[in-house]
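Letters A, B, C and D mark the chains in the order given here, with residues in each chain numbered from 1 onward.
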Amino acid sequence: MELKERIETIVGSTGEVRIDRGNIVVEVKEPKKIIEIAKKLKAEGFDHVKSVSGVDYSDQGYFEIVYHVSSYSTPELAKAILVLKVKVPSDNPRSPSLIEIWPSVEMMERETYEMYGIIFEGHPELKRLFLPEEFEGVYPLRKSFKIKEEGIMA
Amino acid sequence: MGLLTNLVDHLKAIGTGLKYLIPRRLTLMYPEYVEKLPEGYRGYLRYDNEKCIHCSLCARICPANAIKMYRGGDKKLRPGINYTRCIFCGFCADICPTGALEYTTIQDIAYEKLEDQVYPPEKFAKGVPQPVYPEKPIFIIAKVDEERGLKYDRV
Amino acid sequence: MSEEGYMLLQIGPQHPGSGHMRMLVKLDGDVIVDFIPDVGYVHRTVEKIAETKLYIQNIPLLEKPILNDSGNANLAYIIAVEKLLDVEPPPRAQYLRTIMAELSRIASHLYGIGILSILIGSSTGFMWAFGDREIFIHLMQMMSGARITYSYMVPGGVRRDLPDQFREEFRKAARYMRRRYKDYEKIIIKNPVTRARLEGVGVLSREKAIEWGTVGPNLRASGVAYDVRKVEPYAAYEDIDFEIAVREEGDCYARLLVRFQEIMESLKIIEQALEKIPNGKILAEKYEKMIQPRAKKLVEGTGRIKFPAIYVNLKPPKGEVFSRVESGKGEITVYLVSNGSPKPYRLRFVTPSFRNLLTFKNLIPGHRLADFPAIYGSLDYFPPGADR
Amino acid sequence: MYDLINYLWETGLNLLFSPEIFEPLVFPGLIAAFSLLIVVIWLERKIAAIIQMRYGPYYISRHTEGALQLVADLLRFLFSEVIIPKSVDKIAYVLAPIILFAFTFLPIVVIPVSKDFAAIDHEYSLLIALALMTLYSSFLLIVSWASNNKFSFIGGLREGFLSLSYEIPLIISALSAAVLFDSFNLIEIVEKQAAMGWGIFYNPLAAIVFLVVIIYSTSRYPYEIAEAESEIVIGPFTEYTGILFGLGMGISYIKLYSMSLLYAVLFLGGWEPVVWPLNLHPVLPGIILFIKAFIIVAFSVFLRAVYPRYRIDQALRIAWWKLFTLAFLSLLFSYGIKIIEVMG
């Protein structure tokens, strides 16, 4: 696949590229490198981010930030979904914000911050978005935040 | 030219307004008129105690935790439902392997108390609550109509 | 945000034009200089709840935020689950899904048009759109048995076959809608007051639309021909011939026109789907044979299916998938991570309104206060959808 | 004893039916205006409902399609609590809507009902009517200011801007009628129309401008800008409750009514049934005038179901560019007709 090779050259040694169910997955080794990769990807034609998700793997000691990147302006790239993944340690989750490169991440990074407590360095408005005030310092989407589940018995 | 088309558009808008002054109403005057819902509408559930095989699939699939299993005197599990939670997705009826749970077309039930909406198995098995109307309603069937959008035929 | 000379206006959450959100508007005279949407009033932590529920139980859950377009929300999730489970629904089910998704799109567009109309003051546009939406709701009720929350699609297929009278009813509805479109044209679309209010207002340039990741008709009204139905065809869209409604202007009026155009296009899609729909099963073979024969007998002749008991214990293999669907308001994406347990490990549900929030926020400043409802309505922003 | 009662009865009746009392109090004043108010708000809702394929007011009186809805609404307004917020200017808050309501009635005093039936028959009755109409916006400004609410304030400002822009075309187009008929006296104007034909045929331009100004100045669609619901809740009356809110709701309709009466007098031949004069029973002219005014009122409220609303800058532009120019042209037009008359 030609696109995969192109992305491999972009990523180089800073990350790992593989194909997962048709999507190109780029696992960035270090959070710091993500800005560099993102800049190159943007130059390649990936112009917006579809979703920013945090995934809690704190049992393995890290959170994963997943950016789903694609393109509106280049029709060939629009068919592809590029999954940009970066791992941050769960005790000090920090990662550079991609808002400079893709402004479309603004609200989604904010949501990931308030749900996981992942700090996106360089984000101009990193504060609560959806949750009420008392949720300061409590990150509901972390696995450590348990919600009551009911059984099937009355 | 712009001014003229503007004027024509104004007149067309007013003309359309005048055209619609002939009453043709889409509203269904509930509760004087009540729609008789087609078979398969996902309304209140009917529970048949006889058919129940105590498998608790209904409680396990219920997305809203509305159905709970109650252990009866004979140690068997039977479902009860809490209609304050029920979202009428019909999953329970669809997964019920024996047809002990089925949906009915009844939907417009009013309760005085929240507690009345909880149906333990015994109450659940007694039958479906029936809607109460202020006066005897005229039952209609809604059908798509080319001229009026929806048309309501008396049953 | 309260320096001298400015007026800070808090619109909502108790305001006739705000919807379920609060908006802080800083006014310099009549011109908005700063705008902060304060969302979250209808936030229900869908993503957290989804982690505590079985795969099948999340179907109704994910419909609820996008209530006025629940057919498409349903589809986005089901596609993701099917990718995880590696199940392919039979062709007839794909067509039924297409019909459902398009009906849902029409209803969603009518909803959006109605809200836009009432926000600029046209009560007739509001009532007409909501009245006509009722017809498509009636059709969807025929298909699914519920008015709004259809939960029509399940992993591997759909829950019901097409009722006998559906074709005839839809034919009538399509003719009615096409006739009504002429009246809509006169009283709303070409009404000089509507045009004065919407033309040239809230212009979203192509570059900005791309930059802010705008979705749906708002994106297409800015000249980007992006439609998931074409880019990554799902359901039966590959076999169906349709056009994407694209306009170049990028203003509120273009967004309104794109919505109307898409309604007309959807009618064509459903007509084609009804023509091409193959006969056959509506549930994947894999699940079909798991249904107990005595259960099957119960629904014989009704067109409905019974769920196999495996539905309460769907355990997709470890992995992650990403699905996208073009809903009425725009692209819905679902990112689903499975760890092999019967419950999703992580479900990321990005709704079109959430992605349009940024556009909404950035588009308002510089406009007059009276343009605020026009832009708000034209973006078809749905607060429960954005909050999830 | 009997004589005394008889005397009192007769003088009472005479007093009641004297134009000075009857006109402001009964017709076309208070009582007629109130009944029109009740009918017209119902009619507005009903027309909108029918065009929008709904029922509209219905359950209050099923056999009359809900015509008594407004009576019920009025009762509700009367008996609901008037909440006076702490932050308002109390005196102005309470008095302004009441005074405003009273003042909107005033123009009716100088509008004649028939040839010899006018409360005040003044040489310049047209000018007095126009002058009294302009009081409306200043009191609405007080209402909005007294409420101490941002939405009210914006609504009041909008009304201020609008009133500045609509008053000039209003006065000019009325003047062109006055020029056309060579008089400022409303009775004379009607008499002239009886002789030579309705004003609307002589100077349609002025008639159109005046009609638009009626719609414009009484906050009817598409100029419902001061109360724009989706933007500023209900404009100047945002903070009002109970009967004070009820008054606020009625004011624009009363204004609409008085302006429509003036319109009928200026352009639709007043109480003359048709173009040529007829000698009529004294009651009939009043009814004819009322019907003409009612048609204008009904048309104005019908527009609710047709239009969205303009933005304020667009409305101002329309007033200053289009209406002002057209009004000025209509004035020239009237002079032209006069010149032709004099020459020919």
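Assume contacts are C-beta pairs under 8 Å (C-beta built on N, C-alpha and C of every residue); 3 or more make two chains touch, one makes a residue touch a chain.
Small disclaimer: the values here were computed from a predicted structure and weren't measured.
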Farthest chain relative to chain A (centres taken as mean CA coordinates): D
Most contacted chain pair (by C-beta pair count): B-C
Rounded Å distance between chain A and chain D, as computed from the means of their C-alpha atoms: 63
Chain A and chain C, separation of their C-alpha mean positions in angstrom: 25
Geometric centre distance via CA averages, chain D-chain B, whole Å: 48
Chain D, residues touching no fewer than two other chains: 51-54, 305-307
In chain C, residues with contacts to at least two other chains: 124, 131, 187, 191
Where chain B touches two or more other chains, by residue: 13, 16-17, 20, 26, 60, 62, 149
Category of the chain touch graph - line, ring, star, complete, other: other
All touching chain pairs, where touch follows the definition stated at the start: A-B, A-C, B-C, B-D, C-D
Complex interface listing, chain A residues touching chain B: 150, 152-154
Sites on chain B touched by chain D in the complex: 13-14, 16-17, 20-27, 29, 149
Chain B-facing residues of chain D, complex: 47, 50-55, 302-303, 305-307
Interfacial residue positions of chain A with respect to chain C in the complex: 20-21, 23, 47-51, 53, 55-56, 66, 68, 72-73, 75, 78-79, 81, 83, 102-104, 106-108, 115, 128-132, 140-141, 145, 147, 149
Chain C-facing residues of chain D, complex: 48, 51-54, 150-151, 154, 221-222, 224-225, 228-233, 304-314
